[in-house]
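I'd like to ask some things about the structure below.
Lettered A, B, C, D, E, F, G, H, I, J, K and L in written order, each chain numbered from 1.
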Amino acid sequence: MPDSGVYRVTELVGTSANSWEEAARNAIETAAKSLRDLRIAEVTKADCKIENGKVVAYRARVKLSFKYEG
Amino acid sequence: MPDSGVYRVTELVGTSANSWEEAARNAIETAAKSLRDLRIAEVTKADCKIENGKVVAYRARVKLSFKYEG
Amino acid sequence: MPDSGVYRVTELVGTSANSWEEAARNAIETAAKSLRDLRIAEVTKADCKIENGKVVAYRARVKLSFKYEG
Amino acid sequence: MPDSGVYRVTELVGTSANSWEEAARNAIETAAKSLRDLRIAEVTKADCKIENGKVVAYRARVKLSFKYEG
Amino acid sequence: MPDSGVYRVTELVGTSANSWEEAARNAIETAAKSLRDLRIAEVTKADCKIENGKVVAYRARVKLSFKYEG
Amino acid sequence: MPDSGVYRVTELVGTSANSWEEAARNAIETAAKSLRDLRIAEVTKADCKIENGKVVAYRARVKLSFKYEG
Amino acid sequence: MPDSGVYRVTELVGTSANSWEEAARNAIETAAKSLRDLRIAEVTKADCKIENGKVVAYRARVKLSFKYEG
Amino acid sequence: MPDSGVYRVTELVGTSANSWEEAARNAIETAAKSLRDLRIAEVTKADCKIENGKVVAYRARVKLSFKYEG
Amino acid sequence: MPDSGVYRVTELVGTSANSWEEAARNAIETAAKSLRDLRIAEVTKADCKIENGKVVAYRARVKLSFKYEG
Amino acid sequence: MPDSGVYRVTELVGTSANSWEEAARNAIETAAKSLRDLRIAEVTKADCKIENGKVVAYRARVKLSFKYEG
Amino acid sequence: MPDSGVYRVTELVGTSANSWEEAARNAIETAAKSLRDLRIAEVTKADCKIENGKVVAYRARVKLSFKYEG
Amino acid sequence: MPDSGVYRVTELVGTSANSWEEAARNAIETAAKSLRDLRIAEVTKADCKIENGKVVAYRARVKLSFKYEG
């Protein structure tokens, strides 16, 4: 059966002290607690937070789509 | 009187077995059930879902703005 | 301590009869009533609404990120 | 013989109650009444106009190039 | 009745010694003398003209659409 | 089992006398004869071919990814 | 005295059998016959026309701004 | 005599409590103390800094070109 | 001797359960079995595949250029 | 008769010690040995290769579409 | 007190044999030796260097802003 | 041995009365007097300067990366 639903796209930013993979995963797994039918997260931006000349966090901004309940 | 309100922009994906017009309309009319003062939906992406070498759905991603209630 | 939270990005449009600064400020200060930990608002679009050949409103679309509660 | 003329690019918006194809065709065929040597119309934007929660028009913005008479 | 007309998009640059708002308004109000049915002006570029290390003009480039007479 | 393959992205242009949906479908169904595991086709460009002031073809450019055999 | 005028931006395509420089120059010098106060032409696109496997024309699309007479 | 020099492009961010015009002017006038032959500053980004739900600074990122001394 | 060859650009998607680095490396090393003279792979897109609320694959889309044999 | 075929888009990089025109022509004429029905080559990137502080090659990346044989 | 300084934006490329995180960190920590008040590094490009069909380096291009001393 | 250095990216504008190739070459060869390890210059913008309806200069903006000394 073809898919005929409506999805909503949301944009989240995850952070991690270690990697952009972990940053994206943090955002996605937090979202997954309340949103259903997540399938793809596109990275729309990656940056680093710096303090005293050191990278203290990697941040990944991701677009996620999920079933829209209206 | 000039418009002085605040609007929020949301991004939805509609799907249809037939056309991108119907896909966009599905997303918009679903959103219209709960959001008020919709006026324009800009298409930001169009794609096709394929199964067994056949197009099974047209999908249109649209940006919609609506009155923000805070 | 490094920041390890998850943020959500939302896009708002503010309007003002006077300036894009006031338009952005209207959107931000309306959002600040219900969203916490706002730090940066990036302008993603600026336009003017025209009636009878006169500018009746300046509009600024801004992207805001705020603490995501899941 | 190689083409050595000068062309001008114009941008039009067509509207239709039915489809983006008809919207683009309306813009192109209106332009064709006064512009000559039209060959390609690139779609640069597609949107929907909404009233009372219903799509009332599909709009297609197209770039057209035509022979420049100076 | 749905809108079924054809619009043309033009791009103007306004200048002002004081602000980008005034620069955009100058472009729009000059255009409004000869073009009808202007509704939205999107800002596509903003810059400053500099002489002897001072800003002497703010310039705003705007896209305007108006009823196309063919 | 997680997907661990390598895919190749190809870009095709389909044409149709009737619609962009049919244009995209023509490109996809032609590709499907020799490429396997097609799932999504993203539209990257849409235009119209004009002859004698009439639209004679709708063209859709699509990006398709398929299993790479190396 | 600061510049306070209004300019219009137009987009032209020039062609040449020899080079993109000549193509741009053809467009600019043709435009200069009727438009005044041209200062900068930005190249927005460059392509080649091919016939029988040979390049028969270089084409340059340029944006030009000129004094707007209203 | 045609201009035959080499220019360097630098990107600065100015801030102001009042407006983007003042933010851009601050960046430009600070740069003008050490760079010569500044003529145009293009705005490449505009944002707001927020503290406690209030806009505390407008920031304008500008690209400036100046005579390159090698 | 200056390089005077012709190169072709191809776009591949690699996947990995662990990281975008491994995803890109999988795509590149698979391509290297049949394509010669690979030197740079530019990442054009990064995303995550999600199943049951968990990231099951990191995907990197890369553009690769290689010697064109015609 | 309207065009109803399917085209494939390929991206090539040509190089030349002399000019971007020659670089593009090298890519196109090499491609023309095996691809049929080439009509337009859009330049998507231009760069220079440098050795010992001298330009040793101009490179033009072009997108070409040709009849797809499936 | 609102921030009223001027910042300069610089673009660096870091390389690493292991990851894009390490590549970005190398660029940032090298810059931090001479630039003060670094806070955010945005990734603007990521690529891989390939030799003999193997990835020999990950490279990350980052934009950094720092206090401008004039 | 893999490359592990840090590079800085700078953006220059070269001008020439004759061609964009010469304009780029002027910028690159001027930069090469003080910067080491230049390898690629990407063209990011091309324009023409016009006086009295004639092209008086071709300008090419290029991005260059060079060894960063910190």
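We adopt the following convention: a residue touches a chain if its C-beta (ideal position, glycine included) is under 8 Å from a C-beta of that chain, and two chains touch if they have at least 3 such contacts.
Computed from a prediction, not measured in an experiment: that's the story for all the values here.
Contacts with subunit E and subunit H are shared by C.
Counting only chains that touch, the fewest steps needed to get from subunit E to subunit F is 2. Comparing E-H with the candidates D-F, E-G or B-C, the pair whose contacts agree for more than half of the residue-numbered pairs is D-F.
Ranking all chains by how far their C-alpha centres lie from the centre of subunit H, first place goes to F.
Separation between the centroids of subunit I and subunit J, computed from CA atoms only, is 21 Å.
If you average the Cα atoms of subunit J and of subunit K, the two centres end up 33 Å apart. For this pair, subunit C with subunit I, the centres built from the Cα atoms lie 38 Å apart.
Averaged C-alpha coordinates put the centre of subunit A at 23 Å from the centre of subunit I. Taken residue by residue, subunit K touches two or more other chains at 19-20, 33, 49, whereas all remaining positions touch fewer. A complete list of chain pairs in contact reads A-B, A-C, A-I, A-K, B-C, B-D, B-F, C-E, C-H, D-E, D-F, D-G, E-G, E-H, F-I, F-J, G-J, G-L, H-K, H-L, I-J, I-K, J-L, K-L.
In the complex of the two chains, the subunit F residues touching subunit D come out as 18-20, 45-51, 53-55, 58.
Of all residues in subunit G, those touching subunit D in their complex are 10-17, 26-27, 30-31, 33-34, 49, 56-57, 61.
Subunit G meets subunit L in the complex at residues 19-21, 24-25, 28-29, 32-33, 38-43, 62.
The touching residues of subunit K, counted against subunit H in their complex, run 2-9, 65, 68, 70.
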